[in-house]
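To keep things simple, chains are lettered A, B, C and D as they appear, and every chain counts its residues starting from 1.
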Amino acid sequence: MAVFEKVLKDPVHDEIRVDDPWIWRLVNTAAVQRLRRIRQLGTSYLTFHGAEHSRFTHSLGAYETMRRVLDHLRKECGWPEHERDRRLALAAALLHDVGHGPFSHTFESIHPVHHEHWTRRILEEDEELHGILAEMGEDFTAELIAILRKEGGNPYIRQLIASQLDVDRMDYLLRDALHTGVSYGRFELTRLIRSLTLADGAVVLKASGMHTAEQYIFARYFMYTQVYFHPVTVGSDVLVAQVLRRASECWQDGSLTEMPAELTVLLTEDPERVRVEDYLAVDESTLLYAFRRWSQAADPVLSDLARRFLHRRLFTYVVRPEPSPEEWAALRTAARALGFHPDYYICGRTSALSGYVYRGEGITLLLPSGEKTELSRVSKIVRALVPDSEYRLFFPRELLAGGGPQQARIRSILGVGGPGV
Amino acid sequence: MAVFEKVLKDPVHDEIRVDDPWIWRLVNTAAVQRLRRIRQLGTSYLTFHGAEHSRFTHSLGAYETMRRVLDHLRKECGWPEHERDRRLALAAALLHDVGHGPFSHTFESIHPVHHEHWTRRILEEDEELHGILAEMGEDFTAELIAILRKEGGNPYIRQLIASQLDVDRMDYLLRDALHTGVSYGRFELTRLIRSLTLADGAVVLKASGMHTAEQYIFARYFMYTQVYFHPVTVGSDVLVAQVLRRASECWQDGSLTEMPAELTVLLTEDPERVRVEDYLAVDESTLLYAFRRWSQAADPVLSDLARRFLHRRLFTYVVRPEPSPEEWAALRTAARALGFHPDYYICGRTSALSGYVYRGEGITLLLPSGEKTELSRVSKIVRALVPDSEYRLFFPRELLAGGGPQQARIRSILGVGGPGV
Amino acid sequence: MAVFEKVLKDPVHDEIRVDDPWIWRLVNTAAVQRLRRIRQLGTSYLTFHGAEHSRFTHSLGAYETMRRVLDHLRKECGWPEHERDRRLALAAALLHDVGHGPFSHTFESIHPVHHEHWTRRILEEDEELHGILAEMGEDFTAELIAILRKEGGNPYIRQLIASQLDVDRMDYLLRDALHTGVSYGRFELTRLIRSLTLADGAVVLKASGMHTAEQYIFARYFMYTQVYFHPVTVGSDVLVAQVLRRASECWQDGSLTEMPAELTVLLTEDPERVRVEDYLAVDESTLLYAFRRWSQAADPVLSDLARRFLHRRLFTYVVRPEPSPEEWAALRTAARALGFHPDYYICGRTSALSGYVYRGEGITLLLPSGEKTELSRVSKIVRALVPDSEYRLFFPRELLAGGGPQQARIRSILGVGGPGV
Amino acid sequence: MAVFEKVLKDPVHDEIRVDDPWIWRLVNTAAVQRLRRIRQLGTSYLTFHGAEHSRFTHSLGAYETMRRVLDHLRKECGWPEHERDRRLALAAALLHDVGHGPFSHTFESIHPVHHEHWTRRILEEDEELHGILAEMGEDFTAELIAILRKEGGNPYIRQLIASQLDVDRMDYLLRDALHTGVSYGRFELTRLIRSLTLADGAVVLKASGMHTAEQYIFARYFMYTQVYFHPVTVGSDVLVAQVLRRASECWQDGSLTEMPAELTVLLTEDPERVRVEDYLAVDESTLLYAFRRWSQAADPVLSDLARRFLHRRLFTYVVRPEPSPEEWAALRTAARALGFHPDYYICGRTSALSGYVYRGEGITLLLPSGEKTELSRVSKIVRALVPDSEYRLFFPRELLAGGGPQQARIRSILGVGGPGV
């Protein structure tokens, strides 16, 4: 029997199995291969040095998780009954991140188009990718886009792609935990998958899986508080945003002469008029290359910010309430006196610290009686994980440390200790 | 007590401890941070998707391994007695890869200067790095360079940095195994370290560690045969080399108009005249950026090769004896007839398949009697791992598959099956 | 240098290091070796087949954890300053379970002497053990006993042996998780240890360790709810207790003729008059041997109960409120009608389900300000883990399943489904 | 759908799935449950303290491995086509160890009946077990016995149960490695299983699996040399054998008055006349109980040997050629002079040290050409693992250490160092 079968070794799932030739063709499109050049955790590698894995490996992992979920549900509930649904689910898992740009969320602050917009356009306009999807039948691409934009399509698949219990989170928690080297993100994936079932048009959890779900919710809580919103990572994101903003401004006022062509298009063109191929031509190597060029730029703010990022001389931070207008004014004056342009060198961010945000759609437990309930109603612990957040102010260490009167002033405003800080 | 201590989470060693402020300063130099942008396994990630880790994380791992080895040896043998030796050993481990360029060994085929040459120049000429090393005392840098070039310096340290049992291999086997997702590279690091001792001016292995060393040698054997010389990886290296070669030629004959400035210097200047800062400015993002630009180049060979690499349409291969001159001529003619320039589209490589190459310096076992012997003399299994190699011919799949007469011709020369290959 | 060093391979800690000859002598006493014949988790292996590890391996693991804690604290805080304290701590960790009997807590229901009573007597009266301890100096044994009975001695050591953050729990959570095959019990041991410090005479946690402590508290929560109080395990304990109770009664009324001599002493003698050597002569092989003999006993209740345990025909259970006196009476009548003596065949148990019981002594966090607070005051999640419990009624499956009127009666009282249950 | 499904957590395979109710009934027979009271690695736990797992857990693991192998082969080759073969294979894996006695191989030295004899008798004569097997159809039990005795039955199943690549070894290498805490025994089980295929009536390995098979062969080599034939373990086996031999002799000459009834039958009755239920009544708790009784016996040799085992005061050993008759005589004389009966206190053993013994039936590789070859013909490394062995002489430490003239004499005969040994 000449059966198609690709087995890829994977550090999280041990093996990733591809039994469909068309999936393998999707994996090998330029649009998917590009994800190898976009890191899964953006700038987190500057905090956790091991976090160097890409969205490509995560996309394979989400695909594999979906494959296992479908195997289980077909055995347990007879769904997916139709090959088309199976294909939709697998393609959705593999392609869910295809619209992401480099340093994803930070990049969106400069190029204000949500990655889901690009997902749609790539699936529709990239010839290679679209060609494969078109073979799957009429409306396949349209339903796939609806699912990935959470606007419609098969409700089971939509839930498995984007909900409290989706294959995206299942893979990334395990993968990010492995690479960062923390043990927080672990939960029993096999058992969690086995606890899934279908009821009344929704993916729900059997009551016997309650504790496994609690473990998964805790994994999320820990990863969010300890890894994803780690202040050093948020500070790195701030730096990336400031570099991009300053470069944009310098380019527009003509004081910057060097900018990769692809980036110029993205940063200056009306987003609707950017061609898909131009968008896909930008990845993290484009940005890193640009940063290195800019580290030699004539503009001192831009070159300094770029060097800080490249050489990991990151901003420091304090956790405190957001400054009052008076405090802001005083901070800005002191920063300026020290030679730091306050627009680029002082920046506040509020970071969420929660793990389980209920927001309307939670995790549904199917009780033995047939009744359904929301996980947080039966789990006191999940209930305790209410949303929380923290305000942090980022700036260069030089604003705080040292013996000068301005630094003393800033320390006094921020309520932190002596010059040796 | 305000003790300096940095603890970094690591997927291989769990924790990496930095107790010396100057080590932390070395880690944060631009020259070391640059290693974040050079992958540890070059193009292996195109074969094993998880192999996305950088030389930076490996450098930290080699440092940590050295730190543990020194802890053990100081307890066991009283060495290093002097702080200077301890510092030399730690710095050597951290900096052993600092001279590497992007896609290291492949890059050297174009820029024919060995990375150890650059190591020396960087340690001597990079102001930031040199400044820190200079504080360690007179001759510190000189001895460090001698150690890293295997030309002199403390013999214990030299051996721990580059020998059959060095901290470089100890870390990379474990790290590469973890990220590729194979289980081959595992061995008992703690026990191996505990088996080390010093005798007659050399680092040797206590006889009780023989089986642990066998396990380590096997790990190497498996990683070399299964991962490092995997034909898909070698084929990817071939592609990188061809892209760089063609780009160089096109640049020199004026048919290529776009080339990152840093790369231009490296590819055209007399190596001795390249400044260290120019060398350090080139990393994998430079090459990936250049490849993407070149994928739009006017030269059809260059743009095709660059696209093949970026979109992972790699060369295929056959394992066979090296072709005879007549076979070569016939292959080239057939390739040319199919529109493939044979200089760039057919390429042979011989890959080593062995794990333990004795080459004069092996692993010394210290027997209970006080006598010393070489590991392969007492271990039949290690003895069996004699050097071996394999010749492979790489070329585009289109040369082989398909119904045309030229393909049939090539298949016949290479002795492979029908058009559906 | 001829340094004493024993390194034992361990599935949890990788290696257990013994650097003190006297510790190695303690390990090799008959009293400690006996713990190899007492399982760490009692009857849990009937629920989780992998839970076959002994109190001996756990004792080594607790010792190793203490060794690492002391290494850390000495580096961090200079304690233990005196060798005597270090020795007390290590000995206490190694010997904390030495008084345990087979199926520990269940056995105490028959032989109503707390294992801490036996710990004291063994340390004082076992010649071999006492001899080694006596060499440690005057009052060493007395202080060790005070610590193990939580009555006095060095407060740091007492806390490290028995508190919310003791080496006992640290080892058993990891070890029990490994052997049962669940992933719940994992937490970052190295990081937790590194978070410990001393303040105002107490072992406290640095604020930076808060999330690690949360993870540890969750690990406990999961292990308690999912493993330690698993109803199948509790049902197995019930069976052991019933066998021992019935055997005692039969022996006393003369209807049982066979009882291992050592057991006879324990079950019939005034505890104060039992000699230490007689107590130490009883382990799980004694009980298993006795159970097998009793499975052939003339008394039908005893032989049936013993066979149920040996061949794993365990009691089933229902979770429900405790029966009212009327319900009890009806249940007993129905059971008797089915030939089951209700005193031995129906048994209720309330099991705790919580993970973090505050009971006066919690986990103290040392804030950066120098203030101290209790973990549950700053961690909402820990606060959510309030004590909880569940009542379960255990009995043979035959009382429930089957078509007879008595079973229907019982099902109706207990509010459970049809005859196919 | 009310589908039967039991999922057991397992430390090696994560989960063990039982989808057949009759398998679950087999698991719950008294004959299989008895294996919980027989350790998988006999006395190895005295060398590697973690090796406390039972033949029961290994039997479940062998069953699970077979289940996965069958899943793969059915998908790959369409075998087993018939439910009967699938059942035979699963039952054979689960029951392959059911005839083992306590301290298996050692016990056979006293009760000279091979465990496979008991396997046959148990399957035929144990009512509970036989009853379940009889439901599987005529001749099912007969073929199962033929397979387990390697005398006939389906050749595929016979090979999967007992050959160089059987499910028995696959499970025990992984399981024993986990519990002893060594990393030697690891290999890629999933990949090894996926490499299996059927050709010409035999289970063979696809050529692509060669390196995986090499890894598995190395795992065996390491486990045999480092764990299974560890001299401390062999010395413990020697001690068990001496205790049993001495007890037998004392019982027969009337100097021993206490012996568990079940043991008396086994040690004195003609094996053919021992009833199956008497054989099954003996497990390790019987022996441990007997050892403890005997540690109080009047016979000084018996009580001393029993105490040595119980309290882990094991024999020491020297590795050397087998003594000559003259050396033996001198050793015996010296031992006797020191008060040690040489028949019981000096004992030599030859231990195999090899991992891959070819003995006619090796591992067959299926080459891409369709030809078959033996693994050792293509793998130099496997070829290097030729059988090897070592002679070791075991005796109490007291014969060697100490200042007396007899010890000096013995040291001189054995060629070992001074009195401080």
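Just so it is clear, a residue touches a chain if its C-beta (ideal position, glycine included) is under 8 Å from a C-beta of that chain, and two chains touch if they have at least 3 such contacts.
Listed by chain with UniProt protein names: A, B, C, D = HD domain-containing protein.
No experiment lies behind these values; they were computed from the predicted model shown.
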Between the pairs A-D and A-B, the one where more C-beta pairs touch: A-B
Farthest chain relative to subunit A (HD domain-containing protein) (centres taken as mean CA coordinates): D
Separation of mean Cα positions, subunit D (HD domain-containing protein) and subunit B (HD domain-containing protein) [Å, integer]: 44
Subunit A (HD domain-containing protein)-subunit D (HD domain-containing protein) separation of Cα centroids, rounded to whole Å: 51
Euclidean distance of C-alpha centroids - subunit A (HD domain-containing protein) vs subunit B (HD domain-containing protein), Å: 31
Residue numbers of subunit B (HD domain-containing protein) (touch at least two other chains): 14-15, 182
Complex contact set, residues of subunit A (HD domain-containing protein) against subunit D (HD domain-containing protein): 1, 7, 14-15, 76, 190-191, 194
Complex contacts: residues of subunit C (HD domain-containing protein) adjacent to subunit A (HD domain-containing protein): 182-184, 186-188, 211, 214-215, 218, 221-222, 225-226, 380-381, 383-386
For the subunit C (HD domain-containing protein) and subunit D (HD domain-containing protein) complex, residues of the former touching the latter: 8-12, 14-15, 28-30, 33, 36-37, 45, 48-50, 52-54, 56-57, 60, 178-182, 260, 262, 281, 283-286, 288-289, 292, 307, 310-313
